[in-house]
């Protein structure tokens, strides 16, 4: 259960509904995932979040699949159950193969491990890295 | 300052020195960054960490630059100062452009934000994501 | 399921039961939430935690609702599902309005985002901030 | 040292410079802290971050000091050195007293502790919290 | 639900199956917990993780129970629900008493609290600690 | 630099000074580390923190060195630079050998890695762990 009830299209106000319409149009799909239905209690926050996400995740010098995998990496490190699920699903929809998924997991696990070791050792940053 | 003194080549034992030789050979560079000099107090841990890193970061279905950017993403989320610096330097050495760096930062920032919102809302995972 | 069974009033020992009696008296309610029933396996830890919480969350130069919102902010950042739910409920009981909740979420999301950006950029602290 | 050089007003492009002009006008101060000088390498990210921050931190149903204290709480939990310093300075500038600062620290410390205990115990959420 | 289906012995390939056989032989038990059944989608990652875990958790200068309690401490701080449950169960199987569990929880809670206070205060490291 | 100036014995009030006297007496040493000098701005918080720490870290069913290593494990996972340094120094003072330190680091690194993998896979908790 969320800390706020998920709103159906009928329960949300027109400003929130307009954001969902744009999500549907942008994605070419009628499906709206729960995150947006929970955020819809605050239409201004819903709009700001969606408008920014649309810009950030659009194709650029990084392709959409790479962006989804980066999103997964951050979400895993932050322990966000919802986000790990939603962005793993999104990455698959954008073509992530099982082999790529495996390599993604291996990098995430390795990074977590050396992050911990560097933290335990409090290694000073090499001057060459900050030049 | 680290929690352990950084060891010079002369101060470490032969097993640790052999790992550094392999790092140098693999990277085609004489430079050894501080992380390995701190880890060298425990040659077995040094060897296990390096051997695994070599496998994980090798080219595969994900290219080395993508892997470095994923490493940055995890390191940022974990707040590891050393790791953010070392892997940002590594990503640049592997060709990350300023535009790619900017998009990487934007995705990391966006993910941190929606991770926090999903956590605050405790959004339940959509069934379709776990099918 | 918890890592320890939740104890009913009858199952806990008198020292733990005395703490629950004080929780009930302080809150003016018979309801005891699960956190305390899990902690009751260790009456000394239960007592120390409750005694300190009572002091910390009492009205002071910060009002109780502000304290609950601060508690939510920390709990969200730490990804604590139980704590987000329990302190969101507590904040509502203390008068948090939907508009305040929305602003709280917006600040938490913004902070998470700029925390990540500052971590990714490893921005040095301005001297003026430490004067 | 940051992962990118801090840009002076002269080194940044006009789009970034325009954002700094707005920061100065909004704050009624010529001082620009390092965060913005690091972000200025990516004017679009700089602008999006500032524009959103301006909205989120504006007075609303929560007053600006409460928002700064919430920002501190998140920044502490995320271990962001830069953010803890900059927002503690900002909270003081907005009138946070030593007594309020002390209570803020006490709540943050308490929340961190019970977050850890709830995580260690994996306490199930009470039904009443999700009604 | 996991982000990948849990594989039965029959569904995984021979390389993954061989790792499970070694887990069973090492532990002297037929039971295989879900973590390995999810990892089995990537036999190389499964093998690397298990082979390393076997070395790290073996008796050494620290006894196996101490290692399990350290594992719990890290898992709690990282908010890993699965890991808290699995390593608490493992610690009990290795003899952790209720009194030891209580003291473990008290230390974890105390550390979380002073970590937060040190982060909020940004206390500079004493020179004597780095000598 | 801390967010508050470190107070010398002469600068702090008598209540804070009394806590420092107890720290000195308990530890049998005149040295007071920076953490307490920063906390001394709020004597009540200083006292509550020290009084609790004294109880939690006292010998019990877990020995003081084990408790210090657990403290390190939590501090590493939380990325607390100050705490990692101070508790590593404390663990050495209580007899932690280089070999024990190496094993501690190995467990911390391993736990961080499997925490990340379990988070990425969102592995459901085995029923047997919650029985």
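Letters A, B, C, D, E and F mark the chains as written, and numbering starts fresh at 1 in each.
The criterion applied here is as follows: contacts are C-beta pairs under 8 Å (C-beta built on N, C-alpha and C of every residue); 3 or more make two chains touch, one makes a residue touch a chain.
Just so you know, these numbers come straight off a predicted model, no measurement behind them.
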Among the listed pairs D-F, A-B or A-D, choose the one whose interface is a repeat of B-E, with over half of the contact pairs the same by residue number.
A-D
Between A-D and B-C, name the chain pair that shares the greater number of C-beta pairs in contact.
B-C
Which whole number of Å gives the spacing of the CA centres of chain C and chain E?
26
Note: chain F sits from chain C at a C-alpha centroid distance in Å of 21
Could you list the positions in chain B whose residues touch two or more of the other chains?
1-4, 45, 48-49, 52, 74, 76-81, 84-85, 88, 104-106, 108-117, 119-122, 125, 130
Please output the residues of chain E touching chain F within their complex, sorted ascending.
1-4, 6, 31, 33-35, 38-39, 45, 49, 52-53, 56-57, 60-62, 66-67, 69-71, 73-78, 80-83, 85-86, 88-89, 97, 99-100, 103-104, 106-115, 117-126, 128-130
Considering only the defined contacts, which chain C positions touch chain A in the complex?
79, 84-85, 88, 98, 101-102, 105-106, 109, 116
Considering the complex alone, what residue numbers of chain F touch chain A?
72, 76-77, 79, 81, 84-85, 104-105, 108-117, 119-122
With touch defined as at the start, can you tell me which chain F residues reach chain C in the complex?
1-3, 48, 52, 55, 125, 130
Can you tell me which positions in chain E touch chain A when the two form their complex?
3-4, 41-42, 44-45, 48-49, 74, 78-80
